[in-house]
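The following blocks contain the structures, represented as structure tokens.
Next, two complexes with chain A in common: one pairs it with chain B, the other with chain C.
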Partner chain A sequence: MGVDGGVPASGPWLVRTITGVWKGVFKVSVMLAMTYLAAQLLSAALPAADYRSLPLLGNRTAVWIVAELHLMFAAFVLGVPIFALITEIIGMATRERRYDDLAREFTRLLAMAYTLTAVLGCVLLVLFLALYPKFTTYMSSIFKPTWLLYLVLIFGEVIVAYLYWYTWDALQGARKRWHILIGLLVNLWGTALLFVADAWVTFMMSPAGIDEANNPTSLWAAATNLTWMPINIHRLLANVAFGGAIAAAYAAFRFLAADSDEERARFDWMGYVGSFIAIGAFIPLPFAGYWLGREIYQFSEQMGVSMMGGGFSWLWILQAMIIGSLFFAANVYLWLGMGRIPGGERYTRFQVPMMLVLTLGFLVWATPRSIIATGAEMAAMGGSHHPFLGLFGVMAAKNTAVNLMILTTFLSFMLYRRGNRVPTVSWTLAGKAAQSLAILIAAGVVVGYGVYSYFVPSIVRIGFSLYQVAAVLVAMAVFVAIDIPLLKGAREIGVIRWGAIPERAQYALFFLAISFTWLMGLMGYIRSGIRQYWHIYGRVADESANAYTMTHGDATLIVSSIVVVFFLLVSAVFAMALRDGRKV
Partner chain B sequence: MVRWTFALALGLWLAVFATLRLFIIPPAPVSVLTIYMTLVTVAILLFVMANEARWQGFLAPPRAVFAGRVSRPVQVTVLAGLPILVGFVAHLRLTPTWDAPFEPRVVHPQPPSSFTIQGRRIELAALTNPLRSDPAALDQRIAEGKTIYYRNCFFCHGDALAGDGPFAQVFRPLPANFRDVGTISMLQESFVFWRVATGGPGLPKGATPWHSAMPVWQQFLAEEEIWKAILFIYAGSGSTPRTWEEGTADVNRH
Partner chain C sequence: MLLRTFLRIFVFVLLVVGIYAYVGQLVPQFEEHPPKKKVITAQTGRKELVAIGQELLRGKGGCLICHKDSETGNTRGPDLRQAAVHAPTRRPGLDGEAYLLESLRDPEAFLVEGYPKMMSSALKPPANLTPAEVKAVVAYLQSLGGVEVSTVVTEDDAAQSQRAAKAVHRGRALMDQHACTGCHKVEGEGGDAAPDLTRVAERHPPAELLRKLNDPAAWTAPGFDAGIMPSFAEIPEGDRQEIVAYLAGLSGIAYSATGAASPWSHEGVRLGMIILIANILMLTALAWARRRERREVT
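What follows is the complex of A and B.
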């Protein structure tokens, strides 16, 4: 994409835009045509079979790796435009040029990422057709119309995305809102693509719209099955978090490689904005996750128990470890960032209670329900269930812990925001007291319902988690609603010294990006793995040699390898974008 | 205060370790203790790192040791002591013991989609307790379930339904404690029915070893008797079965 800045608003930019969009459309058309040809050739050349086997990697691992990489790049190309649009809107609202530059810098990365996403998608399609012909034919019999819709959406997405990039400089100033509109279209198109693809994936988990003999009865019912919307929302939020985290990691790399204080200041700020958006989107993510989990249980208790209490439950401990570490990293990054804010030292004393809450929350979250124990330990406990620690292994405790951790992280953000500012309004004391009260009441509601939920049936307990979430969200809303007028016209103690942050803070940003990616891989495996020996749960069995659940060790090795490959590819995208940028 | 950061961090770590080791009864298994102490170590280190003054204060003592700014005996003690400590821990971890190996047992086995009871195939997803359909007769059914419980289940699961019957102590793991919020109150009645009807031998092979001594109760009790006993264990333990909103089961099947 690498075009220069300051393109005039008439003549060449229009030609360049049309050429650019045409190139994008041509590229996608060639890829799709090649995929079609490859699939046709393979179908004709290979002997007819329900399954064919791929040497070396094997069917399942090959599809797994390509599908996960495709999904990660898809998350990147869906997440980055959301991130770019948010920063662009902030830039327009605050009239700060640097936000616009930041949005532009990341949009530059999209072309290469789109290409990689499309290539991986095409390879995946060929793999499905070649290795799982019977299953793919069955899916096609139900979802063929959506495949055509998907094609239309792909072309639409390519066109608006290229338009978004090429019109960047032409649609500035008074015409900025038109550019924002194109940005919105990019995101709407992207979201539509996500929703269509989710229909296929979720149908495999919670099939609907088919009769007892598996014949399609309703495409709409098949697409809008029980887990469709929860996954849509979960992935949408996760994509924003992911886009922000990748942006922050990119900024961290540029910060560490910077030659001048000016560059360091720029990338320090960029890392902060990226992490802010990532964590902002990350905070409601567990709530969307609960919804998805609940729908899975409702569809099939067997699948739900496999996921949370059965064979896959230990992977949730890994998930808890990663998410807990994310909370740690986010808070530590903010606290380190306070060092570059004159006046930030006023809030250092809050770090002790905040770290205490985070650590206790993390300990509760990481407490396994099924404890691994030696024979002697089991004899002492009377089984694999510890009479005291077992209290922390259930959702009642974990919901309480995660809500308190979210509240603490929110508080860190708010204190950071207040770092160098002293409110000057006459009602400062009352405002701060109301804010403290909002947080305390929310914490009280969370802990109160958490304890109470041990004494009520499951269905009531699940309802309580909504009250806990609502209390946290209301407290956040009240806090922010007071904070905005409170800090209006606030006295500044000093200017934020962007760039004056210890280098180790940048590793927290790397950690955010790697953890988000790792989580996507791990959670994706759990979601897919709980189908066990079914292609389509309860309906179409996997009759291949791969119809078994891997050991956790092998599965997590594959997940981790995918994360490594993804970061190698992303680094290549960054390197090429940097090279293009330097050419200009 | 900052100059004592290292000592405070070390002291805190030891205090937490001692608390977890001594005050959790029965003792926390090593696997859990390892998770906890790893997290506590990370938390302490991150907290120290999160502030420049604290971080420098924390680094000062180790720097002094390695740069030779402390007395020779202190330097020798630390530099020789650390490898000895690591070696000792490695020795403890590697020394063979007579203990049985770790067992990655999960609390809730995953139920099958269908199973056979007295020659009849039952789909678990659609299964509900038929005795709940007549609320007027519920108390009577619970009373009958109580009799069945005391004739068959009491010996292991106990008078108070707390998994502490007269035979309980000979089993590892102990029989289920129905008063524990993590047992039957987390499960649908259909799950409990499957567990009672098929017993230990009916557990899935996917996550062995189970070591469940639960008999296959369908060989001794009629289907309705099992449902009655289930009614009683919920009523008697003061818990209620897990349920979902009405109507959702139908949605799932289409």
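What follows is the complex of A and C.
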């Protein structure tokens, strides 16, 4: 469903628009027809069985790879329109053309990504029908009405997304608000698609709406199961962060390949906006994650414990390492970016203490609770946990560390924002003091609850994380609420020199995109893996040869392969966008 | 320039991904397999019962996620090495075995001081133990605590377990749901007003059974009145296929409930027609817009 190349020309826009929209609808129609025929032919040709085997890759790995790639592209095509719309609205409000151009540049990236998402979705459906017929039939018996709704939503999304692109020029000036309305519809449709698909995924984790014999009793209860809304919110935020990171990586690629200073300046700015949106959406993401964790515990303490304290706990160490690295990369990018801001040098002195907080937070977060050790080592430690370091391996310490890292990154952002500006309002000192106090109180609440967490059971402890999160969110809201009037009419020391940023800053942007993608793959595996040998947890067992939980090493190799394939496919998307851009 | 930039970035991608994959190899490596199915009967000896109980406790029961049965392990729940020792004194009126059975079947009936409510009944998902398996776990706990293994699996426990362990075929569940078993007998259960369907697939192949569900007048078994059975054409096609698959299976005939219908009779085709019409409508709109544009030009 590619948006065919270039910026829509002025002129006979109605014919162009209808042609473009129809092309999109036609492509989806053909894909669906082919999927249907393939599924029917395979079902008729293959022998009757509950499971069928795919040679070479095997059922699980094949479904895993295709599902994860589908999810990554889906996240991209759902995330990008959100910030394209935000950027467009900023452009309309500030009357700055460059925001409108940026929104269009982002939207251009959607072209091939839409096609790839749809193709991967179709392949996934065929794989499910061919390899897991019994399970797919069971899911269909519960969710069939939502599948029809999903189809309607797909066509709706295609129509509004193509309208959004093709009416860009026709709906400028006084008619801009109509274009923004279409952009809003693209996002509403996309969000509805996400919510429907999440109902299927979360039902497998926390089934509801079925009786003791697994017969459906309520579709609504099955769809709105315990983990549905936390995953909706988690994915919505993650999509924006992921889309922003990939768009920033695109900008970094264009920056590195730029022929002129003008082009470098343009893509430096685009990279900054992309990373700003990515990190902005990333900051509240752990909070949504805590909510999801809490709901998992509410549904099944056993599932929660095997996720956090069982075999999967080692993957959280990996997650900690990646998130810690993400925080480092984001801060390094901001600090390198300070170099292009006259006056930014005033804040250089804060970088070392902030780096210290990030490093300590990283170390705490990456500390495992229990260590595989020899008998002699265990005897020396006095058990499987280290007497001192073991204290940092539990969630109490990790929640505290991550909240402090979030606060630090937020501060980096705020200092960056203030880089070339000097407040001139009469209450500058009081304002800054209030801001500092808000941050200190939040840090105090985070540390206080962190220490108290050691003395309560896990089900209470996971609830504390919400209070820590709330303290951080309130502090950030207070800081920003003061910052806006504080910097109103501020004196500018100089103009930001866009393009004057070291090349290594662009690699920080790539690092963000790669790490986001790898993290997404890992978390997807954990979310799915904690069902262990169940298709539908506690209800429908996986009786295939793939029912076992593989080693973490094998799982991370598969995640890594998926990430490499994703970046190769994304490179193709970038190349197409570049080709289209040059045609204009 | 572009290609060189791309290659540089791709090497960087491989490097970062490689580091993450490498760290993934450094953490402890182990595979977790689904629990093996063991059949427990009234004749199962105590020693074997204890061994099965140990396996269930460590595997299917998932008990060690919170408890421990050795020196190292989790302490979210009480230490199981002492469970059987303390059992006789926990609840007045309950002996050791009865207390242990209750703590597995209904864990919230009594909580050991200092431990929160966090365990669901072992008879329910996710542990989903059968009554005989619960007794095997109790036998293991008694053995672990060094007390006499008094638990005995009765014929009734074994029979209950067999019933609980036997998965109800979805086709059978649908037959109950749609009241087929109100008139028909299947596998010894159901009414006598209509023919016994247990071996019906030996006489009628799946396609014929499907036809009968859609159109009950298609044929009638000798000795029974026609026109009594209602049509099931309105229930979802997948459900009809499941019922036929179940009946075919009772006669040892393999029949896939998935995709067995002709592709052309499937509702997917009807959906396809709607999509086709939508495409035609859009093409009509396009033709109209083109004609309007030509008129404006001329």
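Here are a few things to note about the model shown:
Just so we're on the same page, the second predicted complex is superposed on the first by the 565 of 584 C-alpha atoms of A that agree within 3 Å, B and C clash if a C-alpha of one lies under 4 Å from a C-alpha of the other, contacts with A are read in each partner's own complex, and residues count from 1 in each chain.
Everything below uses one rule, namely that a contact is a pair of C-beta atoms (placed from the backbone, for glycine too) under 8 Å apart; a residue touches a chain by one contact, two chains touch by 3 or more.
This is a predicted model, so every value here is computed, not measured.
In the model built by aligning both structures on chain A, chain B clashes with chain C.
Look at A:394: by the touch rule set out above, it reaches chain B but stays clear of chain C. Of the two partner chains placed by the overlay, neither chain B nor chain C lies in contact with A:34. In the superposition on chain A, A:57 makes contact with neither chain B nor chain C. By the touch criterion stated above, A:551 is placed in contact with chain C alone, chain B being left untouched.
With both structures placed on the common chain, the touch criterion links A:538 to chain B and to chain C.
When the two complexes are overlaid, the chain among chain B and chain C that reaches more residues of chain A is C. By the touch criterion defined above, A:309 reaches both chain B and chain C. Legend: residue contacts after superposition of the two complexes on their common chain; A:44 is shown touching chain C, with no touch to chain B. Shared-chain residue A:188: touches no atom of chain B or chain C. When the shared chain is aligned, chain C comes close enough to touch A:138, but chain B does not. In the three-chain model built by superposing on chain A, chain B overlaps with chain C at stretch 114-122, while the rest of 6-14, 42-50 or 114-122 show no clash. Residues 300-302, 305-306, 309-311, 314, 317, 372, 378, 383-384, 457-459, 538, 549 of chain A touch chain B in one complex and chain C in the other. Residue ranges of chain B in contact with chain A, taken from their complex: 24-32, 35-36, 39-40, 42-43, 46-47, 49-52, 55, 99-113, 124-125, 163, 172-174, 180-182, 185-186, 188, 190-191, 206-207, 239-245, 248, 251-252, 254. Listed in rising order, the residues of chain C touching chain A in the complex are 1-2, 5-6, 8-10, 12-14, 16-18, 20-21, 23-25, 27-34, 62, 65-66, 72, 74, 76, 116, 118-120, 124-128, 168, 170, 173-174, 177, 236, 238-239, 242, 254-260, 263, 266, 268, 271-272, 275-276, 278-279, 282-283, 285-286, 289-290, 292-293.
Residues 12, 14-15, 18-19, 21-22, 25-26, 29, 32-33, 36-37, 39-44, 47-49, 129, 133-134, 136-138, 140-141, 144, 148, 151, 155, 213-215, 253, 256-257, 259, 300-303, 305-306, 309-311, 314-315, 317-318, 321-322, 372, 378, 383-384, 457-459, 507, 510-511, 514-515, 518, 532-534, 537-539, 541-542, 547-553, 555-557, 559-560, 563-564, 567, 571, 578 of chain A touch chain C in their complex.
Across the complex, chain B is touched by residues 206, 208-209, 221, 226, 297-302, 305-306, 309-311, 313-314, 317, 324-325, 328, 331-332, 335-336, 339, 348, 351-352, 355, 358-359, 362-363, 366-390, 393-394, 396, 454-455, 457-459, 502, 504, 538, 549 of chain A.
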